[in-house]
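Supplied in structure tokens, the structure appears directly below.
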Amino acid sequence: MLRLEGVTKSFGGKRAVDQVSLVVPTGQLVGVIGRSGAGKSTLLRMINRLGDPTQGRILFGDTDITQLKGRALRQWRARCAMIFQQFNLAGRLDVLNNVMMGRAFHVPTSRALLKLWSDDEKAQALSALESLDMARLAGQRADTLSGGQQQRVAIARALVQEPDIILADEPIASLDPRNTKVVMDALLHINKHFGITVVCNLHSLDLARSYCDRLVGMAAGRVVFDDVPAALTDAVARDLYGLEAGEVVGEAPPVLMPVGARPGFALAGS
Amino acid sequence: MLRLEGVTKSFGGKRAVDQVSLVVPTGQLVGVIGRSGAGKSTLLRMINRLGDPTQGRILFGDTDITQLKGRALRQWRARCAMIFQQFNLAGRLDVLNNVMMGRAFHVPTSRALLKLWSDDEKAQALSALESLDMARLAGQRADTLSGGQQQRVAIARALVQEPDIILADEPIASLDPRNTKVVMDALLHINKHFGITVVCNLHSLDLARSYCDRLVGMAAGRVVFDDVPAALTDAVARDLYGLEAGEVVGEAPPVLMPVGARPGFALAGS
Amino acid sequence: MSSPIALLPDAQLRPLLDAYEASVRSRRWHTLLILACVAVAMVLSSISAEVSIPKLLDNIHRFPSYIIRLFQLENGRPVWTDVAEWFWGLPRWLRLLGETLLMAYVGTVLGVIGAFVLSFLAAANVAPSRWLRWTVRRFCEICRTVPELVFALVFVIAFGLGPVAGVLAVAIHTVGALGKLFAEVVENIDMKPVEGIIAGGSSWPVAMRFGALPQTMSNFVSYALLRFEINVRSTAVMGFVGAGGIGQDLIEAIRKFYYSDVSAILVLIIITVSVIDTLTSHVRHRLIGLQEKH
Amino acid sequence: AEAQSWKSTYPELVMAVVPAENASGVTERYAPFIEYLSKELGTKVMLRVANDYAAVIEGQRNGSIQLAGYGPASYARAIVTGVAVEPFATTVNNDGTIGYYSVFYVKADSPYKTIDDLKGKNLGLVDPNSTSGNNVPRFALNKMKVNPETFFSKVTYTGSHENAVIALQQGTVDVAANWWNSDTDSNLTRMANKNLAKKDDFRVIYKSDLIPNSPFAYLSNLPPDLKAAIVKAFNDAPTKDKAAFDKLSDGKDKEFIKVDAKYYEPVVELIKFIDQLRKQKS
Amino acid sequence: MPGHFPVDLDAVRGRHSEHFQRFGRRRQTALAIAAAAFALLIFAIGELGFFDGKLLAGLGRLAEITGLMLPPDPKDWAHVRLFSSALLETIAISLLGTLAAAALALPLAFLAARNVTAQRVVRFFSRRSLDTIRSVDILVWALIWVNVVGLGPFAGALAIMTADIGTFGKLFSEAIEAADRKPVEGIVSAGGGKFLGVRFGIIPEVFPVLVSQVLYFFESNTRSASIIGIVGAGGIGLYLAEAIRTLELQQTSFIILMILVSVALIDYVSGQLRFAVIGRRGVVS
């Protein structure tokens, strides 16, 4: 069980995450939604301890994550896989080695430093890549990959970690429909079959509604919505994203109304 | 009118773009769709001359883009704005200066080098930012922005170029529904009101269907579909993305079937 | 064509412009302040250094005089009229050059190994602990501030005359100098890949090896080779401990005004440096992956 | 009127000195003397302490240094490389001697009595530029018809006079060259004072001819009356400003005496001999 | 918890055999090079006499000798004043020389950088001239400048300047080559010329590196400073050389201590400056 208690993160004077309290039971698939800049990425980063909360605590079971140090901290991170919005791959390494980084906690440092991965480890990485249709590219340098290919490498890295919880920051932003489906199905699958908790930032409300057990809506760093997907009515979504009534939420049919007429949107013409 | 004639781009032995011939009439809004790694980004990059085709020509009107050099090449680039999949911002510059780069061609180099932007130019940049709800952040360093914020800066940069043609590489990948709408509406608007040609890589078929005049489908570097959106039936899409019959295309309702059973997907269990 | 962007009305624009100006103002003052400080420091230094531009311009015609003499043989003819005479000492110089390269190699390699390890401990963005970082930085400072000459002297008294003392002195200095430069390269990396690896629970060395090192490698190589070049020259200092090499012959030739010898030895060194530079450019470009032009 | 003529051409005279091998605090030593010179000559004298005499020689060659204090060998180097300078003064030590010596040391407990006993042993010289540590010893060996490169099994440059002593002590070399003023003033006595060596551990087996003290030289093309004024100022120094003069050498010197080019001819010969050795060493 | 991937090793190995070679070609080459470098090191160490037993024997005496340098002692206050003013002088000269060198080297560096200058010939000649400038001993530069401006600090600053141009040119150009391509593309794609791409795409990114290099050489020139002594400009180097030459070990260590303090100061200031530019962004370990 993951429990956030009054977690806050400030940058300079600005509060990117503001007094967030949440309890995520083990095995839940939680979608985090909200406008760009709402603090979703910052929240996930704190759970993985890539940033320390300015205030508040994060607990996993009885362990206070925010107090972990050294090996215990590394172990927590190994149990809590993170998929980054901007992939965070090592551009000058090849795909396979990037994925192997997900196993690094379990491999003795000396062996890892020399890239002496065992055949089993390589096979595992390659299988993960295969499941994402990326095994062909295992030898290519990460910085020459297409956007979606990079994203899938990042996902494979998280999968080979065999984590207890997965934090996915817009894991399908750069993916085509087929790969979107592959990835979301994979997340759903490991969530349902292995009881792994998944916290996933999503921009697509359709996907959020279809895949998640629960949705958390953020705005300006605060949690403003927390309920089952069915409760996310169009009205609520409109509120969350600050849309006007009459504008369609989700991936919408064509809108050819005069856009200039909307306040806060100053394109010329019309 | 933009005309591609047998354009091919190889990396090492691999053909990322393969014999693409296309004619895009002025004022069209073209969506380019296709699986991750199909060559969409590479194609757009060649139109902006960020990569030279290995074979083939690209013509705009009567000008052979592939032969341009020096000032003529810069002029072409100024007329042909590019929105990158990975934003390509200068991380250590603030937002406003990143946007001002869109004016680079029109400002004397000496003035630009000293960041001596005129008030008019600043006003234009701020207006563009404001239309994307980003003017508040004009003074923030680009590398501290959230994913969606960076994407909007990149879009603002393209807008202030006052281009004849916009190449947008997944401009809404990191955006929430509201901003997705804002951006797509903006592209539609400048396309319809100013007759600016837009070529836009998209992963969302719904958006592609709603906004575009024409869709170009790519697979393994080749053009395999080129028609009006209405012609993109589910069957065609399934073909394009290599989905199985029965799998839903587009942003789909929940799928809770045993994923492990599907070939090519090697997650265990089920 | 008119602009696709509608300019905001002034009333709406003003506050935005002001907000922007306000947010960059402090940064701008910062920059101006630094520039002003540098300018003042330059002026003060110029006074202290007795800079006199008129003197420089009046006498600049003498600039080539020494250089021209460098290219004259003892009999006053230009060196290229008698290359055999110019390079009369070639066998000896080549031997010395070889010795020097060997000494510089050992000094550089030992130093680079030390600096490599220390740099990650000393870099603010990745250092595992604050006090360790502080200690390492001070240690590097001592290593590079105590002159090679002093280390050499101490080692001579301890280990006796010979190359060992000189090489050790050079190695220690190299640790200090490269430790700092390497650390600053590390401080300038993109942290995203490091985060990506740390987030998977990797140990610190692994994160450095795969997240940081690939980004720093080309800079490390370029600094290490520059240091190698510098060390080739600083072996001249080792003449002091009985292991001079080509540097000592060069200094001797300069001091004794054996002009053609100076130019001949310089030509040898220039060739060596150019060869090293060319070879390593290839290595670095492969590391960066600069195949693509734009 | 005559005096005015050179004062307008030389509103400032530059005097350059190179610290001697064994001197410290050159700047402080020279400060009062420079003041004295300025007063005597009635024109500003500027002191430049250069760590390398090559720079001083270049400065004299292009005329930007009018006066220079050289070591005997560096003066000779200037002459040999074609700089038009004339020596005009040198110092006399308190005991009336006007130079110093180069010596060969061996360890006190070693059996060697003469150079001949050392065939096949290791020789330690100081550095190729040192007068007393290289040039004079080589010149002397040459006069004994000894070719050091073949006679000794190895000739090492130890880098400094101190290193030469240390190398001898550690057995790296069997015989070492060094400078020697008198029994109470030599490199060895100074090291002994600093606990770096024991004087009684070593024994002198050869002492060279006298090496003349360091000359002061001016540019040959200075106006004759300026030259005369400079010489006079130097000669008068011990009487007119004894404090300034004494400071130069901590009172170890008695006075200046006038010298000329002829006086240093043996040193110039020595340097030419060394130059002619150069191409044999490869 | 069970592994998520009960992987069929043999099947995977069959499909991707190329990744299962323990030592692929690239690895072999890397290993061969490393082995050769190591062998050369061992050979060289032997050749230079590291193994003849003196090293161990002498270790014990290191402490003894270091003891002779302690405690640092300037002798008297007059010396402290003397050293301080010499140190300031030295700092001034090297500041001037270093900054001038940096300013002159920057344009050369762009000519020598592969991702900025496409013409091979231009690059070749700029790199070779940088090599030449660097190879020429600073003593030679000093003599050249003494010919022009006479003995004195000005000649020292000029000598430092010329000698460092070669070094800066090389270092700057290599930092530029290592810069990320994406921001430049962003600017070039909007029609910005090469200058703008460099100014806004590359400079902000490499600026901290350049600053740290310049500051390092400033520090290094202050430290070594021998050249300033050679051209008769006094400076702390003169006193240091003198103290070493006359074996005034305690005075030597005092001067070193003074330099150390100023180096630490420069280091501190440079750290602040650089972080002002790149922003403090660390990860927790």
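The chains carry the letters A, B, C, D and E, assigned in the order they are written, with residues numbered from 1 in each.
The rule is short, and it goes like this: contacts are C-beta pairs under 8 Å (C-beta built on N, C-alpha and C of every residue); 3 or more make two chains touch, one makes a residue touch a chain.
For each chain, UniProt lists the protein as follows: A, B = Phosphonates import ATP-binding protein PhnC; C, E = Phosphonate ABC transporter, permease protein PhnE.
In this text the structure is predicted, and so the values were computed from the model without any measurement.
Taking the definition of touch as given, a chain qualifies here only if it contacts chain C and chain E alike; those chains are A, B, D. The minimum number of touch steps linking chain B to chain D comes to 2. The leading chain pair by number of C-beta pairs in contact is C-E.
Here the spacing of chain A and chain E, counted between their Cα centres, is 41 Å.
Separating the CA-averaged centres of chain A and chain B is a span of 24 Å. Mean C-alpha position of chain D lies 38 Å from that of chain E. Residue positions of chain B with contacts to 2 or more other chains are 50, 86, 127, 130-131, 144, 189-190, 193-194, 266-267, 269. Contact with two or more other chains is made by residues 2-6, 8, 62, 65-66, 157, 160, 162, 195, 198, 254, 288, 292, 294 of chain C. Residue positions 52, 54, 58, 62, 160, 196 of chain D each touch two or more of the other chains. Taken pair by pair, the chains that touch are A-B, A-C, A-E, B-C, B-E, C-D, C-E, D-E. The touching residues of chain E, counted against chain A in their complex, run 1-5, 7-9, 12-13, 15-16, 18-20, 283-284.
The touching residues of chain E, counted against chain D in their complex, run 68, 82, 139, 142-143, 146-147, 149-152, 226, 229-234, 237-238, 241-243, 245-249.
Contact residues on chain D toward chain E in their complex (touch as defined above): 14, 16, 19, 21-28, 48-52, 54-56, 58-59, 61-62, 64-65, 160, 162, 190-191, 194-196. Residue ranges of chain C in contact with chain B, taken from their complex: 1-8, 12-13, 16-17, 19-20, 22-24, 292, 294. Chain A contributes residues 49-50, 52, 73, 96, 119-120, 122-124, 126-128, 130, 135, 138-139, 159-160, 162, 164, 190, 194 to its touches with chain E in the complex.
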